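Here the chain labels run A, B, C and D in written order, and each chain numbers its own residues starting at 1.
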Amino acid sequence: MQKIGVFVCWCGSNIAATVDVKAVAEAARKVPGVVFSADYQYMCSEAGQGLIKDAIKEHGLTGVVVCSCSPRMHEATFRKAVQAVGLNPYMLEVANIREQCSWVHKDMATATEKAIALMQAAVAKVTLNTPLTAGTTPVTKRALVIGGGIAGMQTALDIADAGYEVDIVEAKPTIGGKMAQLDKTFPTLDCSSCIVTPKMVEVGQHEKIHIYSYSEVTQIKGFVGNFNVTIKRKARYVDEAKCTGCGACTEKCPSRKAPNEFNMGLNNRTAVYIPFAQAVPKVATIDPEYCIKLTKGKCGACAKICEAGAINYEAKDEYIEVEYGAIVAATGFEMIDVSPYDEYAYTQSPDVVTSLEYERLMNAAGPTGGHLLRPSDGKEPKTIVFIQCVGSRESCSSGEMRGKPYCSKVCCMYTAKHAMLTKDHYPDTDIYVFYIDVRTPGKNFDEFYRRAVEQYGVHYIKGAVGKVTPEGGKLKVQASDLILNEQLHIDADMVVLAGAIEPNKSARPLATMLTASMDTNDFFTEAHPKLRPVESPTAGVFLSGMCQGPKDIPETVAQAGAAASKVIGLLAKDHLVGNPCVAHSDEWMCNGCSQCETVCPYGAITYEEKEFRMPDRTTKVRRVAQVNPAVCQGCGACTVTCPSGAMDLNGFSNAEIMAEVDALCR
Amino acid sequence: MASTYTVTKEQILSISGVDPQKCMRCGKCSATCPSYDEMEYHPHQFVAMVEKGEIEKLMGSPSIYKCMSCMACIQRCPRQVEPAKLVEAIRLGVIRQQERNHLKPDDIPALLDPELPQQAIVSAMRKYTK
Amino acid sequence: MQMNDKEWKPKIIAFCCNWCSYSGADLAGTNRLSYPAEVKIIRVPCSCRVNPMFILRAFQQGADGVILCGCHPGDCHYSTGNYHTRRRMTLLFSMLNYLGVESARTRVEWVSAAEGARFVSVMDSFVADITKLGPNRRLEDLRCKTN
Amino acid sequence: MKYSYFPGCTLKNKAQELDRYGRDAAAALGIELEELPQWQCCGGVYPLSHDEIAIKLSSVRALAAARDDGTALVTLCSACHNVIKQVNHDMQTDDYVITRVNNYLAEDGIAYNGETRVLHYLELLRDEIGFDEIKQKVAMPLKGQKIGAYYGCLLLRPSGVMAMDDPEHPTIMEDLIAALGAQPVVYAQRNECCGGYLTLEDESIPKKRAAAILENARAQGAETIITACPLCYYNLKKHADGTGVEVKYFTELLARALGVKEGE
């Protein structure tokens, strides 16, 4: 039998002016189980808390109800107080008789009556409460960052600077990501590689950062603080430890027809290659698809020239397992395949290029050495048409959708950049930009776009391009001008497509491994769109950069830092104290249906085959739900979904809530 | 050629099955329309004007007989608005009225080229007459 | 059990999620906005914690109306809890309707932590609806009554 | 392999070549095309309005007849194909149309719910016979010929319903051209409208369209362009003089390559 004490707070006159606190205390004494009640001016004060502590000791109270302000104000205060004298903090309930009673009602009789009802409900609940203990789990003080673009690099640097070990897993042979491919950045027009390559070097040299390049995450087990991750280190056929990055092998390699990914396939590279001069780690990789030795068994030119003896044709994929406390997804983006938009003739003419290809065509380290030459005949283009929103902002109402329903956010700005850079180098070029809306929210962004129009004379046309017809060395562009209400026909030399941004293809399988939720576009979902924008709803998983949604470089860097600070906050703890108000399953009642697993937004529920000793002394193996208390956030979705009533929630159990219902209906 | 009978916006929406509010004003329909220069009102204007309720203006315009029903605007519209269906609905709004056939069987012989396929005549009759 | 119509006051249970609606109710108090005292709030972590059983129990115990408040769709603290709520309650309400419980006796409303005034207007209108309907005897189990 | 065949009005009249070569080629490929015993004009154009029901009845009758025969329905004329395929789609998905059409046809004892498979002759070649198989059967390869496919609008749009090929980057006719031993020429205007039935009232529009299409085909190196549509054929051929581009039905080239074209 519980011995319950009820403490009614006056809150000065805040409660006492409207609620007859003495009557509430009096009424409490009549409630079965209540052995003590008192009222006091300020329960939250030292003296008030002392009153509660003394009563617990004196009367051996097993449960406490405080009738006071909202539990959102002082529940924690009172829990601490009762804990100080040895009572479990979850044996305390607060009846909210201020915000939800005295402050919203005027008539004393009515308010007192309601306060009594709320007190009775709280007593009913606390009678059924059981002591709860929050579990603790140790934290592995090492973070994993998946993706080595600007987002991943910044997150890794910030975590490492705080003194924690960080591993970066990057699928490509080098870190640097898309930013390393860009020519200039908006709105400042500073050189992209001038700012990103020093970052790459910093990451490469940081004593706390380890880079697993040319690697992939293949399995993730565990939970917040205690992840176990399997990393596949793809065979690069070059010993990273021995390779000095001298590049002699790349000069000797006779296989020269592999498309150069770094230049968007606009030129070729050798089968053994270093992606670009500033690659980190600066080691060669052999492309097994194009290597003559690996495909035909003959050659070996690279092994002969390599003084370091780094070439190893026998290399195999390796798998390593590493423990981490936190994981950051920084998987970045790709541009959609624009070939379904063949009304723009991308597959029909080499002079129709994507923005990223155009970026390489303007880059000094690109295939044309920075001279803007059109791919078909190597001539300078005189008229260039830029098409915005290729695949962005498309309706998702039918299954026939070619593109994406969202705005890709960066295209308006980089197109203005392309136009201005082109005009800078080739002032005679005629440039047309077809837009639906020009979207330039951001510091100095609209000014930047206006400069393209007003200073550079770029023709911005509100309208769309309907058809591009390659003919006689020209690209005949048919388009609408909605302001002049005309159909335009422009003979262009090049057409540049601002294709929509989409999450990297590796994000979806990664999300499945992480049990991190994603939206329908395969962007990672935040734990809260406003208040927890860099955390995944899955505890211990954080988001950095484009994998969460389209954003530009400064936003990416800001988010990368924010994600790092969340990781640091987690790794700084030796132990994680859980919320004890988590779900738990009655294994005997669980029928193994998996419905709870499906509704759980955190992946906290897993199923296990367990052996049960049956009443007839036989044993039986059954599949039952297991809740990981370190991952469960206590929402209770599973408790209602469970068809057999096996799932219940600590602190808000079915019995407790029903007791409140009963008390309030009395 | 003012219409003798009012056709409401609601009727046009119901005949066509089009929701002009889906339009984001990108102009792709008018960019892709092969008949653009023949039209007084262009595909994107059909969408905007129907939304605004300017049905009579459209009914009185020869533009409604210039659509080739090539479905380029339907195919390429990024928001699935299907402007050609509005052109068709407006045209039906006109020709479904008495004595308002755009083409009468009697007119046909004068237009006939000996090589003209039946398909052209049938299609035109479908498009232009009740 | 005979009650005078004038004296009769409805019994109303409001389930409020901890993150949005319960805070919204607190805000109503902080702003000293008034709503009928018949509304008694039970705090739950999320609207999706509310088992249809709780609502049936309330009616069985003599409640005249039950309202369930959660975060606005898309704003759920637990991402998707209120979507579950919305679907479950649609089913429950149609079942209650089938059993002859007037559909106005049950409601789901979204109230954010910033919407103290909205909490009040929702409660005002709900209490008015229930008062108009009168006592609910359809599901009340008289065996549950102690007196 | 046996199929029901819907030739359509034009193929019985002005486009007899399209039909005849199609039948001859099919026979050479071992395909039995059985003309529906009774068929009515498809109406020429699919009604874009939601409430037009009567126009769809003739298509449904043909579709129901093919179903009762237990065969897929093959069409050759692009216009007939477009109408019948779209009506079939309505009869599978649109309750408004299904109910009303079946109410009309109940008198004739017809009830139809989209059971028939509709194939264009080109799909028959690609999906039922296979271009590799056709390549084997080519007796007189069209070596050295540069041929552009002209799709027009009706074969491809709306792509969600027609589902024949990618609406912006189709390959079915190019693959056929290659199978016949010729060199396919891709040109952008191949899926732009020829001007269609506007030719009846105002010839200037198709003239402009044909010029753009023919010029583009020629500039990209095509000597011949092929089509499956009698109206495209008419509009293009009428304005092809002096462009250096020949306009032909695809069935004619097929028949010739298979060695079944009369007089060769």
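Here is the rule we use: contacts are C-beta pairs under 8 Å (C-beta built on N, C-alpha and C of every residue); 3 or more make two chains touch, one makes a residue touch a chain.
Quantities reported herein were computed from a predicted structural model and do not represent experimental measurements.
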Chain pair showing more contacts of the two, A-D and A-B: A-B
Inter-chain centre distance, chain A versus chain B - centres from mean C-alpha coordinates, in Å: 48
Chain centre separation (chain B, chain C; CA means) in Å: 53
Length of the line joining the C-alpha centres of chain B and chain D, rounded to whole Å: 24
Overlap residues in chain B, where contacts from two or more other chains coincide: 72
Multi-partner residues of chain C (at least 2 other chains): none
Chain A residues counted as touching two or more neighbouring chains: 343, 398, 400, 467
In contact (per the touch rule at the top): chain pairs: A-B, A-C, A-D, B-D
Complex interface listing, chain A residues touching chain D: 339-343, 345, 347-348, 398-400, 467-472
Interface residues, chain D side, partner chain A - complex: 159-160, 166, 168-169, 186-189, 192, 212, 215-216, 219-220
In the complex, chain C residues that touch chain A: 11, 13, 22-23, 25-26, 28-30, 32-35, 37, 40-46, 48-54, 57-58, 61-63, 74-75, 77-81, 84, 88, 120, 144, 146
Residue ranges of chain A touching chain C (in the complex, touch as defined): 70-72, 96, 98-101, 103-107, 110-111, 113-114, 117-118, 121, 517, 525, 527-529, 537, 581, 599, 601, 633-637, 639-641, 649, 652, 654, 657-658, 660-662, 664-666
Interfacial residue positions of chain D with respect to chain B in the complex: 8-10, 13-15, 41, 43-45, 47-52, 55, 77, 79, 152-153, 156-159, 167, 192-193, 195-202, 205, 209, 229-231, 233-234, 238
